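Got a structure here, written out as structure tokens. Questions coming.
Order of writing sets the labels: A, B, C and D. Residues in every chain begin at 1.
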Amino acid sequence: MILDASCQLVYVASEEVPTVFMLRPRSGLGQWVMREEFHLHPEVPVVEYTDLYGNLCQRVVMPPGEFHVFVQYRVRVPDKLDSCPTALVAPVGNLPTDVLLYLLPSRYCQSDRLIDFAMSIVGDMPETYERVAAIHDWIHQKIRYDGTASDSSTSALETADTRRGVCRDFAHLGIALCRALSIPARMVVGFLNELQPMDLHAWFEAFVGGRWYTFDATQPRTTGNRIVIAYGRDAADVALATMFGNFTMTRMCVTVKPTDFFEVK
Amino acid sequence: MILDASCQLVYVASEEVPTVFMLRPRSGLGQWVMREEFHLHPEVPVVEYTDLYGNLCQRVVMPPGEFHVFVQYRVRVPDKLDSCPTALVAPVGNLPTDVLLYLLPSRYCQSDRLIDFAMSIVGDMPETYERVAAIHDWIHQKIRYDGTASDSSTSALETADTRRGVCRDFAHLGIALCRALSIPARMVVGFLNELQPMDLHAWFEAFVGGRWYTFDATQPRTTGNRIVIAYGRDAADVALATMFGNFTMTRMCVTVKPTDFFEVK
Amino acid sequence: MILDASCQLVYVASEEVPTVFMLRPRSGLGQWVMREEFHLHPEVPVVEYTDLYGNLCQRVVMPPGEFHVFVQYRVRVPDKLDSCPTALVAPVGNLPTDVLLYLLPSRYCQSDRLIDFAMSIVGDMPETYERVAAIHDWIHQKIRYDGTASDSSTSALETADTRRGVCRDFAHLGIALCRALSIPARMVVGFLNELQPMDLHAWFEAFVGGRWYTFDATQPRTTGNRIVIAYGRDAADVALATMFGNFTMTRMCVTVKPTDFFEVK
Amino acid sequence: MILDASCQLVYVASEEVPTVFMLRPRSGLGQWVMREEFHLHPEVPVVEYTDLYGNLCQRVVMPPGEFHVFVQYRVRVPDKLDSCPTALVAPVGNLPTDVLLYLLPSRYCQSDRLIDFAMSIVGDMPETYERVAAIHDWIHQKIRYDGTASDSSTSALETADTRRGVCRDFAHLGIALCRALSIPARMVVGFLNELQPMDLHAWFEAFVGGRWYTFDATQPRTTGNRIVIAYGRDAADVALATMFGNFTMTRMCVTVKPTDFFEVK
């Protein structure tokens, strides 16, 4: 499917606010960015760099006053995502070196404290993809989606306790539980077609059978038609805007819709 | 100035041809990519990665038959480039570590063999930006632009000898002469507004006074309005398409034109 | 001063235990590794890699049975560390890009939850090195060193509450409080001469006035004569051994002593 | 085998000479650095960094006067190196991304100009390890070892012509011929046990069958017992000392000898 997605952000600040945006998707990894727009108004100098995870980051100093950000993408994405119940959880000693990092606990995913909890979910299941599927199912069934129950400081430990949260909490808990079982897991942020209500979205990936698989515990079965914007250990790494100062966001508008149109001009 | 640039490439191959494209400009570094399109036809899987120089590279296997590549950019670029006659050539011991690499000789820039030649151009000039300007002027005046005099294997050593070549030869010679004087220098490929005839273009940058400055020895004075696609040590690093196999390029069409239009939608 | 340091570790495991050691100090950064030894017994294959922070990591699969690790270093280190009360806290917009990472919250340093607390310590102090010094002093005076009060899952938030902990807890709290004030801070692990009782040690660095400064809140005034082994965001990144499996550590012996001897052979 | 190797270098300079040493071997990759010493006299500040190829580099500014460098290693190395006649040359499209770089021409390895020459050596041999073995054999038989025939600016193109050279010329030619056949190849510098006369040494590696294999065209059959110091595209990348200024090397003494001694202290 080819998706057209856009995100409009308007901020108001009374002072300069240094900001790092992470709003430029990468091609490859299952998606192809056919078209992309990125506008800042007023125009300010930008430094783009690649962070430790390979995400493209845009550093700016947001000036006082109103500041507009508008991004728009046309991306070819897979309609259906791969799954593989028989894929094996690799012994840690066999994992690729660049994946080891995703075994460590992080700000919102205190996997070191959730080992017993994770074991209680998977029991004596075989060490395969099905363990991650069981974690996904458990979260989907036991955690209630509730936009009032958490905020930007809520971690997996708290979500495991309150059993309420939003997409990022679902993802953090899934990641923490995977890592607690020595399965590498990472956070993904991006767009999901037909999300209700439309918004930016977060989910997670787990590394089994030698590759990453996608899981979205807000859904009973993880659907395709997603645009990935950034990967990281957890939300601390992949905020679409990390801002250092006082500001108000006065508008945020996200759109995603399929397009039939594709013609090489 | 805001430039609209495009490049259309058509290849015909009788076998699969593994290819690395380098056709996705980065923002920052003086330019802002407002809009970008990248189409391949037929659609093939792509892996995008960042090379050692920070360039975004797209790996594909070009299938047999006709293969179309079309990229289009809208980029805000500076009208005029900075120059600074008093900027000092830094002692090597004071250079940033990530710049040292650009002092080494490379495939097309045998700086180790051009030390006497470089010294003959700059004589006892002070160790400033003016040395690079003198190299630029020497090349501009002494090397004749001649599309028949060189090919993709021609190096700076040969150009210094034949005194004929095209933009990449001018750039290679400029780079080699700078490095021969312990001034870091790198290759740039991209688009130049009003280039006659329009084509992809190559030029070089030299590191003096703590930053990179742009030099284009095909011009008497280096103008602005350039879109940078990639940086590297020399043309071996920054080919816009590195292809491993037999193919024919049946079409290449490059356009660049200023646009007045800019509206946040 | 030239320090001789060693660390002997003995593990016993009943199964294979994939392990990542971080036991090879880097030169530069104020220290010079004159001599280094690294022995594993039994000998097993090792893959060495550089992690995201530049630390040298050694991957092994520890075999069942007894496993010995012995490292020994001779390192020239500064007797006194720099301090600079007038060094300015940089606006985030002016920080080097590779330092931004150290502003983010992490597993053990939930800086996002400690902003008010950090402000209560520094009040209206000028935005300089003195803010970090005030944090250091506050921790040194208010947190009691207590080896029974924390474990490997204890975070800065908990230490701020219980006001007891060990060197890593002191460091985590210092880091979290700095980041809460938008001052980049990172964890350091290594050896400290004359530590009582001798053990591996942890402290922190803060980035002010364009460089990193060392702070050790277990001391009234931070002394020199330290060997740095690794840097990271917090203890999750810089464990000297990250082990995935069941094992017992049956011996750990750390020595540090000054040496007068230095002769180029 | 466990090898003790040392290298003593003495330089005399009349001015400050910025220098990058590459004298710290990495563990893993088939070798284990059990002990290492690195002394500079007089003591000067050093910055250590990792270059684009993962080599550890030491930046110093050599002061005027006499400057001593002494390194000593004890390294466990394989007695015999792997070979695998049936290992397949991978289609470029299947190569790991980080290996692609080693297909490009470089300063001393103008592979783009040696395609016909390389084809004339391998003819219609199957696309396996044997092609590299044939290149190795050709060089060993046809190129005469001659210390007077080349210097630090000699490239593979010239060696192919003069058919004389030293170890680095043998390696450059081997690398260039492999790359001309789309086989990734890289330069290695280090120590070889029983080299006659003892000196630093250079050889090459080729990537076939999914891994790197070692080839030393100065030998009829490549022997083991080598210590690797650095990897790179060619000698421009892996000079053990890259110096920017005027100096004289007044002494260079290299030793390598097997040791039986190994005891965990």
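Everything below uses one rule, namely that a residue touches a chain if its C-beta (ideal position, glycine included) is under 8 Å from a C-beta of that chain, and two chains touch if they have at least 3 such contacts.
The model shown is predicted, which means the values in this text are computed figures rather than measured ones.
Among the remaining chains, none touches chain B as well as chain D. Centre-to-centre separation between chain A and chain B, using Cα means, comes to 36 Å.
Taking each chain's centre as the average of its CA atoms, chain B and chain C sit 43 Å apart. Rounded to whole angstrom, the centroid-to-centroid distance between chain A and chain C, based on C-alpha atoms, equals 30 Å. Residue positions 47, 49, 59 of chain D each touch two or more of the other chains. Under the contact rule defined at the top, the touching pairs of chains are A-B, A-C, B-D, C-D. By the touch rule above, chain B contacts chain A in their complex via residues 24, 26-29, 32-41, 43, 46-50, 54, 56, 58-59, 68, 70, 72, 76, 264-265.
By the touch criterion stated above, chain B contacts chain D in their complex at residues 16, 18, 20, 47, 49, 51-52, 59, 61, 91-93, 97, 100-101, 103-107, 109-110, 112-113, 152-153, 182, 236-237, 242, 244-245.
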